[in-house]
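Some structures are shown below for you to check.
Note that chain A is present in both complexes that follow, paired respectively with chain B and with chain C.
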Partner chain A sequence: MNLDVLTQRSGEWLRGTGPEADIVISSRIRLARNLAEFPFVNRASDTVRAQIEDFLRERIEKLQGRRPLTYLRTSDLEPLDRQFLVERQLISREHAEDHGQCGVGVSSEENVSLMVNEEDHLRMQVLRSGMDLDAAWAEINEIDDLMEQEVAYAFDSQFGYLTACPTNVGTGIRVSVMLHLPALVATKEIQKVFQALQKIGLAVRGLYGEGSQAMGDFYQISNQVTLGKSEIDIMKSIKDVVAQILGYERRVRTALVKENRQALHDQVSRAFGILQNAQTISSEETMHLLSSVRMGVNLGLIDDVEIPTVNELFIQTQPAHLQKLRHQKLESAERNIARAAYIRQRLAENNPHTSA
Partner chain B sequence: MNLDVLTQRSGEWLRGTGPEADIVISSRIRLARNLAEFPFVNRASDTVRAQIEDFLRERIEKLQGRRPLTYLRTSDLEPLDRQFLVERQLISREHAEDHGQCGVGVSSEENVSLMVNEEDHLRMQVLRSGMDLDAAWAEINEIDDLMEQEVAYAFDSQFGYLTACPTNVGTGIRVSVMLHLPALVATKEIQKVFQALQKIGLAVRGLYGEGSQAMGDFYQISNQVTLGKSEIDIMKSIKDVVAQILGYERRVRTALVKENRQALHDQVSRAFGILQNAQTISSEETMHLLSSVRMGVNLGLIDDVEIPTVNELFIQTQPAHLQKLRHQKLESAERNIARAAYIRQRLAENNPHTSA
Partner chain C sequence: MKKCEHCSKPAVLHITELQDGSVEAHHLCESCAKEYLTQNSEPESVEVESSLSIDESDDSETSEAAPQEQPPCPNCGITFKEFRSLGRLGCAHDYSHFREELTRLIENIHSEVQHVGKVPKRQPDASRQQFDLIRLKLQLKEAIDEENYEKAAGLRDQIRQVELELRSSSPAT
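== the complex of A and B ==
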């Protein structure tokens, strides 16, 4: 897989067409698995890590007939390319930082990624546009079964799947849903959501997972408990809580429009105008303005851009993407200029009123 | 003259084509004159004021053959219409506030206005685009001569023309040049200009004359002394100082472009983007953003709008203009919405790249 090809397109999960796509960007399920015959990654020598990677790469490549995946040995990639894969959500930040031999198998639509030698030997992830955990679950379950025909997982009849970190023991599942919650953020109601989620043991993270800031009003809601509950129950608890958050965000959006449509229209329109015209712009400001524009489009206040373009811009304006696009390393100030130019170009091209 | 007609067009002096039009908006000369046989306005009864107005209106209307002017009895107009004429610079704010009988003769291109019963019986004004005091002087001198054939001015062989306020005695002339000085304002160098002007006895005022704030980085430079110097000398001192200020503003603009073209380009482009998209905007913010855009166009950083449109928007987004345009009284918040809509429409219509 030539990574440059990826700069010309984006993952299926950004198309913005799934259920509840006005608020739910994507549904994601990942399973943590380890091989019975190898020590955990954090206890493996470099040689053993290499053996694990070789072993799993072969099995992933064997899936080809039934599940076409392109395999990349990420440890051979330049840091910029690894960061690029992180920005596309194909590998985790932890995986990008690893120095041992590691890799990832990726489907052409970028819905599936199988990471080898992240914290666990194998971390399988399926992404879907919108609120679609059932489809994600069906797919990852099938991939898990296919892999299990080829390898012996570390499994304990009492604890379930064994993992490097005890927080993943049991089902090894993490179910997460990425939500765009600009109205709850604008009204500071988001704090109440956080408190409620904490009480029921769900985690809230930013766009790039653990430790990342919630930029652009994006929040990932995910389970923390993996033991003692079935995958179906874990998914159900996420579905229930997401349904409540969706209702909350929508009520607040409606109230904002009703109480001060003009001010809201002004805010989202100005954000759009700045993105269309800025000559230099930071990543943070970009996320902030795109978030306003995204809400504006969803509320029918802006019709000069479509949601898939806005979704893509969140990802494609990230540092590594801009550098891949320009085929060169760029300092922060240069990136700000490249980012502004790219946004201007995309918004001009994607205006449904003027483009062919 | 139906004032509604005026909302569809603007004065010739806004066309932005005169000499030094990148910085000099307009050149203006006004002469203060009083009739020998009547008391000054501030000492005249309502009856006498009416007599003065009748007397001068007849003489102004007699000019028709040689100098076509439309005469409006401003004291009969609604306050909104008077404010409208102030915004167009056809009458002064003082004239709009007077309660006695008063009027104004206006040329169709709005270059000439003859105010009756302002502070003096007759205040004659000629406006020109750009730096063109000689043309303004030639025209006002001719009009002055034409009037003098019809009336006897209050004139003293020692003091010259007698005026209601001693500061105008002598020539009765005020020569003023409206400058757009965004770079000197941005770098705070403008303070030095003010200090230098004060030392040589020149006054600095805002867009709407005495007491008005310098919004939109516009400054009117004018003489304060009218006695003991000829009109030609007064004009010369203004010309000399304006030439220096022009050089100063241009050097600072060049330095800004050279040192940080990107930041300047970003600033003016964002200003343009906000004007193109805002749904509600105050007069102050409008002036501020238009000022950035005007500099951007003059520096070749923006090419989506032309200077005459920008010049006109400074005037046409004023409160009375917006209300005349909408044919209704508007509260401040309503004006902000009407202003934003008008600006969006004008910028969409006047984009040289997309308009016919």
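== the complex of A and C ==
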């Protein structure tokens, strides 16, 4: 797979469709698995890591799933290319920083990725646009069954699937839903949501990461407990909570429009105006403005841009993407200029009114 | 693996802090986490997401009846103490080898100690042979490092033998 081809398009999961897609960006399910006959990755020497990678690569390449997978040995890639895969959510940050031989199998639609030699030997994930956990589970479960015919997983009848860290043991499942919650953030109601989530043992993380401040009103909700509950029950607890948060966000959005339609319309139009005209713009400002625009489109306040374009811009305005687009290394100030230029161009070509 | 944000040790505690509607994530090693938590001791604002149990960790030295130190895992050589400082186990066999200690830890993390959910159709329990493979492969590496090629060749044959047994014992699909 040529990574430069990827820069020209975006993952299917960004297409902005699927149930509740006005608020739910994506649904993701990840399974952690290990091979019984190898030590865990952190305890494996370079030679053994290479053996694990060879062993799994061969099986991933032959996997007869519903989507063909392309295998990339990520340890052979330049740091910029690895960061690019992180930005596209095909590999984790930990995987990109890993030492030793590692790789990933990805589907061309970019909604399946099978990471080899991350914290566990195998971390398989499926991403879907919108609120679509059932479909994500059906697909990852099928891939897991296919892999299981080829390898012997480390499994224990008491502790379930055995993982390098006991926090993932049992089902090895991480169910995550990415939500866009601008109204709850604007009214500071979001704090109540976080407190409620923590009480029931769910984790909340900002879009780009752990450690960094949540940017652009995007939050990922995921389970923490992986043992003692079935995959279906874990998904159900996430679904129930997401349904409540969606209702909450929608009520607050409606109230905002009702109370102060003009101010809200002004805010989202200004955000759009800046994105259309800025000559230099930081990643953080881009996130916040895109977030405003996204809400404006979903509330019918602006119709000069479509949701998939907004979703794509969140990914394509990130550092590694801009540098791959320009085919050169860019410093922060240069990136801000490249980012503004790219956004201007995308918004001009995707304007349904000017193109009609 | 994530590193502690204060020092370079691996982070084992992931703390989410709530303040004025914003969320801050911290990744800390056990000792830095302890310091962090005693400094910020407002119980409501701090939640330990996936602690590898702070309470227990240092008790081993102070408690009257110091529990017998478990021997290291015969397959990967990790000790329970090493696991505590790394936050990661060395091989699948550790779950059997340190079952008692891990059961307590896992109950702390997940509030449950029995897996419910998907079970692999093929080999529900990792067999003795699979653990043998981990040990043999480790010995093979040592033999090669020591340039003891005669021993290495013997080990390679043993590995092939066990692998063959494993393949033939799994039901044909």
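Please note the rule applied: the second predicted complex is superposed on the first by the 347 of 356 C-alpha atoms of A that agree within 3 Å, B and C clash if a C-alpha of one lies under 4 Å from a C-alpha of the other, contacts with A are read in each partner's own complex, and residues count from 1 in each chain.
Here is the rule we use: contacts are C-beta pairs under 8 Å (C-beta built on N, C-alpha and C of every residue); 3 or more make two chains touch, one makes a residue touch a chain.
Quick caveat: nothing in here was measured; it's all calculated off a predicted structure.
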item: Partner chain(s) touched by A:Ala340 [first = chain B, second = chain C, both, neither]; value: first
item: Touching partner for A:Pro182 - first (chain B), second (chain C), both, neither; value: neither
item: Which of chain B and chain C A:Gly206 touches, first, second, both or neither; value: second
item: Touched partner set for A:Ser230, first chain B, second chain C, both or neither; value: second
item: Touched partner set for A:Val169, first chain B, second chain C, both or neither; value: second
item: Greater chain A contact set [chain C / chain B]; value: C
item: Touched partner set for A:Gly103, first chain B, second chain C, both or neither; value: neither
item: A:Phe38 touches, of chain B and chain C: first, second, both or neither?; value: second
item: Contacts of A:Ser269 with chain B and chain C, given as first, second, both or neither; value: first
item: Residue ranges of chain B touching chain A (in the complex, touch as defined); value: 262-263, 265-266, 269-270, 272-281, 337, 340
item: For the chain A and chain C complex, residues of the former touching the latter; value: 34, 36-40, 42-43, 45, 47-48, 51, 94, 119, 141, 144-145, 148-149, 152-162, 164-167, 169-171, 173, 185, 188, 190-191, 194-195, 198, 203-206, 210-211, 213-214, 224-233
item: Touching residues on chain C, where the partner in the complex is chain A; value: 1-2, 5, 14, 16, 18, 20-27, 47, 49-50, 52, 75-76, 78, 86-92, 95-96, 99, 102, 105-106, 109-127, 130-131, 133-134, 137-138, 141, 163, 166, 170, 173
